[in-house]
Amino acid sequence: MNSSAYQWPDGKKAAAIVSIDFDGPSPYLWATRERPTTALGELELRRFGPRQGVHRLLELFASFDLRISAYVPGAVADAHPDVLAAMLEAGHEVAIHGYMHEKVSELNTEELRAVLEKSARALEKVGAERPFGYRSPSWELTAEALGVLAEFGIAYDSSLMGYDHPYVMSGIVEVPVQWQLDDAIFYRYVPGSNWPPVTPGEVISGWKTDLEGAKRFGSLFMLTMHPWLSGRAGRTLALASLFDEYRSDDSIWWTTAREVAEYHRLTYGDMHDEQPRIGEI
Amino acid sequence: MNSSAYQWPDGKKAAAIVSIDFDGPSPYLWATRERPTTALGELELRRFGPRQGVHRLLELFASFDLRISAYVPGAVADAHPDVLAAMLEAGHEVAIHGYMHEKVSELNTEELRAVLEKSARALEKVGAERPFGYRSPSWELTAEALGVLAEFGIAYDSSLMGYDHPYVMSGIVEVPVQWQLDDAIFYRYVPGSNWPPVTPGEVISGWKTDLEGAKRFGSLFMLTMHPWLSGRAGRTLALASLFDEYRSDDSIWWTTAREVAEYHRLTYGDMHDEQPRIGEI
Amino acid sequence: MNSSAYQWPDGKKAAAIVSIDFDGPSPYLWATRERPTTALGELELRRFGPRQGVHRLLELFASFDLRISAYVPGAVADAHPDVLAAMLEAGHEVAIHGYMHEKVSELNTEELRAVLEKSARALEKVGAERPFGYRSPSWELTAEALGVLAEFGIAYDSSLMGYDHPYVMSGIVEVPVQWQLDDAIFYRYVPGSNWPPVTPGEVISGWKTDLEGAKRFGSLFMLTMHPWLSGRAGRTLALASLFDEYRSDDSIWWTTAREVAEYHRLTYGDMHDEQPRIGEI
Amino acid sequence: MNSSAYQWPDGKKAAAIVSIDFDGPSPYLWATRERPTTALGELELRRFGPRQGVHRLLELFASFDLRISAYVPGAVADAHPDVLAAMLEAGHEVAIHGYMHEKVSELNTEELRAVLEKSARALEKVGAERPFGYRSPSWELTAEALGVLAEFGIAYDSSLMGYDHPYVMSGIVEVPVQWQLDDAIFYRYVPGSNWPPVTPGEVISGWKTDLEGAKRFGSLFMLTMHPWLSGRAGRTLALASLFDEYRSDDSIWWTTAREVAEYHRLTYGDMHDEQPRIGEI
């Protein structure tokens, strides 16, 4: 498969998926589970997501008639059933992202199975239906976890970066992410951070270059937003400028990860099934 | 409360507060209190604030007829009574920011009480009056500290980021800050720093995007300056360009944190009182 | 030799070399050889290089009729003989870059010799011919390694930065690199990274300034791309804009490292032979 | 002294000094003196300074008829007498910067005295004359070191940042530096660095803002270049654009640190003599 050979449906030049990792404070709660803190700063900072950020983003998506893919830890679904109901009502995809944003590499097989089941039940409780798509917390997987995910029957995975178009990994359709299309690595500033946030204008400028690149090379533009970060007023406004420019571009297939996974399975089947080959070149 | 439902007075689209954390060298002195250093570099760097930076900023604010909110460690007020008197004379708000910029999480309840009382007395000595607003050093609070602050009778707190409009936390009105509107995370370079300072043009460009966002989403634009950083010539000049563009924008309520807190208490009362819920989702 | 005295052939003002360090996952496999990991994220991220990135870049170079210098670890050549064959077919230079991207400073003399021999055989197997050029993994050399390289008979080295035109170091022609012309220090984001990737527009803007500088001061513009980084769609597109602007600039000698090394040896001989002088000013 | 009260001669609005810290590899040699390394990479990288960078910068200064202040470790003067002779011939100021870039805080009083004497003798050997100006390696001083410097009879110090115009510290005239006008914090990338270099366009844009600020607020624009960093082709070219725009601006006093120190001593005497007041607010 050469660099620009992927065929999108209806002659589209590229596919674009807008996704959110709707974490609320779950990554912080998971990270501090063994060394409890009484500090409020970072907790409140992250709670901005479910309180305001997610509404602002959902309203923005609605105004552009965009259906997105939302990866939601079960604990967040349990805590915000109204937000989840609104997402489903609006036609968005809701998919698994752990229960408390547990890092896959820190779970054994049994624990991962239990987390998946608990996460799925939480999503079902708010009205979503199996089979669910999956995105791993912190975008990390292991060869073992792939086996558990296959056995659990996920619809697809969206955590890896081995291609910039859909592919198959150990029999599972992969709808790949890309670091430079993740808002968090540019915007996340918390006490002790290693860098200051990049300005929205500069971030969006980079994303526009990537979207132009996707059109040129036929790739998948998978954007990932975190409501506690991109839901800040200036960033949401800047994001709107991206949609202003590209939402009505007919050469782009604006869609969801689930639909891309289905398209890939139907069109390409198991062609190019990659294996983990841990430790190999 | 949805993402853009906050109502500002007189049909204003957004509120904008300019604040300074007038620390002088107090954070450095606090941080090195147990491992004294004979180094002069960082001390002189930070002393630029009370010597020049604060005057430059105050003159800038005066030229734009802006009243600001100044958070001043008691030790700085004791050392620079003339600067504090000039601030009060100009109609600026002066509020508590610790005595020696003590981190709240490193104080027990008794120590925090003592620090608050000592800080308040220092501010009273230069002519300010109770009840005082409060901003925690390093913008960090704990559930316990909220109790002490309430008992002490602060007028409001301005340290957290759970919404981008005023809210209530444990009965205290919160006038929230935002990391990306803090000059320090972009401009602070000291030996051993993890990143180079961002250029003034880029920083101001980000802030203008945020102010446009505040107008679009009805939020609070809370800008925070540190005189030893934003008082540098090029940065002050760049800041002036923000005021040039927006100071006379009639859709923005340029005001102080105290006035925003009073407005919120009067208009919204205890609606949406959030609790710390430490360790919960 | 003063700052702008280097003479390029045919009255050219500057020389420009496009090079790739075609590492695939070898640096990661080398770094984790003693603490094996089951994590897939970074492995897949780096495998994007041989799967897609390298093809995208090679097609770009072809479209601009550019012959480049490719530094290829032997293990990557062994794993991707078809890619290597295509490179040679297109007239690109293929040169040594370790077998598994082994850091020279972590090898003793015997080990370095063995690695060089194994690397050379891997390149010969895909059709390349001795003597090979050399670029050290991570651009690090030692005085001892220089002796081994000379004894092994490399055609030139391209790992150091002591001048921005060719020079001689311990009898070996050095075709120097430059940090700010390496894509990795701007684009490489992996979990745990210390900074977010710089946007392609900003990176290319810097490189254009450098190329203008090379024309002004007669220096060598040695660009280095990593397929897993610069092969991402937006970055490849941005790189194209550099070639659009400068590929047909007659004042620039677009060439390969091998040709620059040959030119230097013929024209300057051993003039200005530098010695390591470890520990000396 | 308020924020814009400093009076420059002849009605100038601001003063601008171009300085270089001509370190060569001395900081690296000092830092590794107790853990010798055989690595060549960083050594060669820094040697670019005396080999090419310094010539390129000196030619640039000559083309703009600029006399600068050069701070030169004695070991560098000993190793490059021809460069030093050329500097003096061109009318530049040559001043003390340690012998091997020794950090003042790591020397006791006796050692500092010895270093100063050795440094001065090295500068005299190439033709410079006492009394010398002084800039501390890494821009760090101690209260004790100030005493040694005064006793040694330096003409002025240029290491601190307590004002952005000249002042007096412990009886010594201070010609202050500013971090954001130091090229190193933007351009220095060595293996293990915490951030990628900022592009020349962005750095120069920041400096232009600072120079405009200096004109507005009457301050001293003290630019510091390191030849191994700013001597790279693109950066030198970008620096030229700053001089293109401002060198013939009549409102700016382009001068040397020594002349600014003399002006300050004559005009302001010991007014505003600051004391170290270590550990005090």
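Read from first to last, the chains carry the letters A, B, C and D; within each, the first residue is number 1.
Keep this in mind: a contact is a pair of C-beta atoms (placed from the backbone, for glycine too) under 8 Å apart; a residue touches a chain by one contact, two chains touch by 3 or more.
What you are looking at is a predicted structure, and each value in this text was computed from that prediction instead of being measured.
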Copies chain B and chain D touch via same or different residues, half shared test: different
Distance in whole angstrom between the CA centres of chain B and chain D is 35
Here the gap between chain A and chain D, centre to centre from mean Cα coordinates and rounded to Å, is 49
Give me the residues of chain C that touch two or more other chains. 194-195, 202
Determine which chains touch and list them pairwise. A-B, A-C, B-D, C-D
Residue numbers of chain C touching chain D in their complex, please. 1-4, 105, 138-144, 146, 159-164, 169, 178-180, 185-186, 194-195, 198, 202-203, 205-206, 209-214, 216-217, 219, 276, 278-281
Under the touch definition given earlier, write down the residues of chain A that touch chain B in their complex. 24-26, 29, 36-41, 43-45, 47-48, 51-53, 55-56, 59, 75-76, 78-79, 100, 187, 189-191, 193-197, 199-202, 231-238
